Amino acid sequence: MEQTKKTWIDYYKKFGIYIFLAAVFIFFAAAAPNFLSYKNIINILRQVSMFGIVVTGVSAVMIGGGMDLSVGGQMAVVGMILGYFMVNMNMGIVPAIVIGIFIGCLFGSLNGLVAVKLHVAPIIVTLSMMLVLQGVAYLITGGYPITGMPEAFTMIGQGYIGVIPVPVIIFVIFIIFGWIVMNKTYLGRHIYALGGNKEAARLAGINVDRLTVFIYAFTGFAASIAAIIMVGRTNASQPGAGSSYPFDCMTAACLGGISISGGEGKISGVVVGVIILGILDNGLVLMGVNSNFQSVVKGLILLAAVAIDCYQVKTKKS
Amino acid sequence: MKKKLLSLLLATAMTAAVLTGCGASNESSQAQEPAENQETEAEEPATEEEDSANAESASSEGTKIGFLAPTLQTEFFISIDDGLKKECADRGWEYVSVSFDNDSAKAVTNIENMVTGECDIIIAMVSDSSCDAALAAAQAEGVKIMECGVQTEVYDVCLNTDQYAVGVAIGDMASEWMNNQLGGAGKVVVYTTFQNQDMQNRGQGIQDAIKEKSPDAEILEVVDIGKDVVGSGTSTTENMLQKYPDLNTIVCYGDAAAVESMEAAKAAGVDSENFGIFSCDGTAQALEGIANGDPQKGTIAFAPLAPMMAEYSERLMAGETFTEVITAETITITSENLSEYYTAE
Amino acid sequence: MKKIINIADSYKICFLLLLFLMPAYVSGIPAVRASFFVRQITVMILLTLGVSLELIGGTFDLAFAAQISFSALMAMVCMMNGCPLWLVCIMICVINAALGCLKGVLLVGLLMPSIIFTLALQAILTNFSAGIAPNSGIVLKELQSIYRERMGMGGEILLVLLGIVAAFLFLEFTYYGKYSRMLGENLSLAKESGLKCMQISIIVHLFASLFFSSAAILLMLQTGSSNASLGENYLYRVLTAAFLGNVGPFGGRGKVSGMIAGAVIMVLLIATLTGKGYLNRWETILEGLIILVALWAQRKKK
């Protein structure tokens, strides 16, 4: 019986997410009108592209044994700063983007630095940062959105290269970059080592503090890219942007096989997790399901995914 | 143990002192009111204009206004907040604003704290009668209550708009365009929200107006767009365009969702001339869309609420009473009359 | 001098902040305003006690606000269909107890990180409530007058004193309360030492659920309404109050006196910010900063 249970968990870890992807795809193909069309697939990919970029960053943090709840706030502030420079100060697109990315990396680094220097748990640091940034986003323009971005800029969110939307291309590039870093570089191995056992990583000569700051900075970078795409897509900087991202990102990451305890998980799994959530969102809207029940479904998915992961860790230990 | 007990006792004593209060300044502030009243009474023999001016200035001096909004995260309410701030600054009044974010418990706490914060008038844009007890307690403290947007049983003056009528106005605007531009053959999706009764009434008004004025139009779906999550208008519109390829009209309960829909529709390459988006709030982005010939074809704006609120606050402080509900006007803005309300920068 | 400056001591924080906040109240408070303060402090203390007990036991709870609104909403739905008030109050207690048990089991049984599963619970409960609530909320105005007549300031003071005494006795004099600290500090060692961890966890969460139930009933009666957002804004206020009161975020540490001090400070702070017009833009920023500073100070003291 013990042997069977272990095997079941192993199969789930290896194939479960792909089976789940196939299941939701088949379900919505049958039940949701106009789901199975080329345009809709592109729709789904475009909708998950910003989200997927942030999840990649959050996954790196989770693999490293941490958690980042402040991604939504970072997106909101970076978006507002971007809009402010481009519209209110008539700055060029490229300098504004560079500043936006810099600010995003700065916020991420701040999370890491505070966690490392003040010895406060990263999840609490990012929770506090989330609250602070939510407030700061509203202070920039007193709560008003900034509209009227340069047309060239909106191409980032609304444009196409051939038949592929630009956000999807950026997402794919980001995923490839993330996969290479996590699987083919020493940096990626160090991140896995950090998440696996921090003390062992330190004893092995890894500068854990610097690495922690780096991976949070990377999440900030991911959030800033997502903010750029979001502003381009909506043609507006909104102070309330990204409010649902912390929860959604964690759901996608856990669904994609990233372990809560750290040291485990793959970027390929994360991509599948992101696509599953995108299909769920899209399919449920096409079926006319209330948006609240969509969030209930996501909450149940998060609970189930984390429960299975924790059960696996528990059985491994015993 | 002794130190802890001592510290705790000190803290409790401080709290008790704060609660019971000095009493003197409250009495002195109460003493000031009768003096002001006597001053006003003594000036009665003067001319009527002088009377009212003196009465207004005497009674409105040092006035503090508290504004309770459902949210201060959408442009509509932020513009009211900013407008009130300006009106109060012009009159030399103090001003505070808070939001309750659809949480009745927070609304009650905010009302109590505004009373504690010495507000003379509370402008309460509540959503139902859950705050009536708190508003009644505020009235018992001598605070004037101005309700706006909903009518309950506790108020000194009520500025209200029939949200169903607003919905009908939006629906009429959409129907007129469909009849003129599409020969009445509109394929419509309605975006509404079930967050509060007012918005539901508005959504119902939209649907009823379209059914009456454009009987040939088809309402394909009524979508609950949910809370104002940034990006939900964009993704919902993309999904609706996918679900209903012949969709040509979107009617929204508010500009926030409408402008996102507009961007999504443009990105999808719809024919702007034969695709119409209609909404309410009269925000700058919506008006800009109409001016640019984008899919946004019309919006319903409210007559500026902040000056109206300030005016009635003045009248309340002057002692005027109101038995009738004051109706806030709405203005239908389309490309035909856009120039009266919007100038491109 | 060093001892006075040691800001990790909650009593001194209370003393210093009360000095700072007192000017806002020097104008004097007539009876009606005292009732405002008592009402707010009652709800705040009950919630802070409940959350702090869970924190001590190792649960960082992000779902308690959603729990309150969900249970109150279910109660209102039943009342609309003719259930008497006493029965719906019991129902609120049962719902909160069941959710408390679930949290206890997930924490100890599956070793799930509490912040994650409570985040998931929060999403499920809030959105489920929003999805099923007719017209996004239910209002029964007569509850407000029932509350005024039967409860009033005296009832609130009695209730909060009862809660404080109960929490104190539970933490200091019962098996479950005393060993909940060990559970929160180091669960694996607590298991190895032979403690009945599952039992302790469930009892602690059940006890905490009583405070949440009381708060839910109070809020429901005070507003005569419930919707998916009722009490939502207490989430970060209460967490801030708990950390300000020197309750540890990951278990094992906290005293009732600190919890009360933190709750009082937050109520005064919110009232002051509202009166000065700063609440709207600065509340979340201040809460975030206070949490960070309070936890840093706790770490420093360690």
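Just so it is clear, A, B and C label the chains in written order, and each chain counts residues from 1 on its own.
Operating definition for what follows: contacts are C-beta pairs under 8 Å (C-beta built on N, C-alpha and C of every residue); 3 or more make two chains touch, one makes a residue touch a chain.
What you see is a predicted model; the values in this text were computed from it and never measured.
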For this session: Work out the mean Cα position per chain and let me know which chain is farthest from chain B.
Result: A
Problem set entry | Chains linked by the largest number of contacting C-beta pairs | B-C
Seminar exercise, completed: Note: chain B sits from chain A at a C-alpha centroid distance in Å of 35
Exercise. Using mean CA coordinates as chain centres, what's the chain A-chain C distance in Å?
Worked result: 31
Exercise. What positions in chain A touch 2 or more of the other chains?
Worked result: 138, 290, 292
For this session: Enumerate the residues of chain B that touch no fewer than two other chains.
Result: 72
Problem set entry | For chain C, residues that touch 2 or more chains besides their own | none
Problem set entry | Residues of chain B defined as touching chain C within the complex | 4, 7-8, 10-11, 14-15, 17-27, 29, 72, 95-110, 112-118, 127-133, 137, 140-141, 194-197, 200
Exercise. How about chain A: which of its residues touch chain B in the complex?
Worked result: 33-34, 37, 39-40, 43, 46-47, 138, 142-145, 147-148, 154, 157-158, 230, 233-236, 238-244, 281-282, 285-286, 288, 290-292
For this session: Could you please specify the touching residues of chain B with respect to chain A in the complex?
Result: 72-73, 75, 78, 82, 221, 223-226, 228-232, 234-236, 238-240, 242-243, 245, 259-260, 263, 266-267, 284-285, 288
Exercise. What part of chain A is in contact with chain C in the complex they form?
Worked result: 67, 114, 118-121, 123-125, 127-132, 134-136, 138-139, 246-247, 250-251, 254, 260, 290, 292-296, 298-300, 302-303, 306-307, 310-311, 313-314
Exercise. Which residues of chain C touch chain A in their complex?
Worked result: 106, 110-113, 115-117, 119-124, 126-128, 130-131, 236, 249-250, 281-285, 287-289, 291-292, 295-296, 299
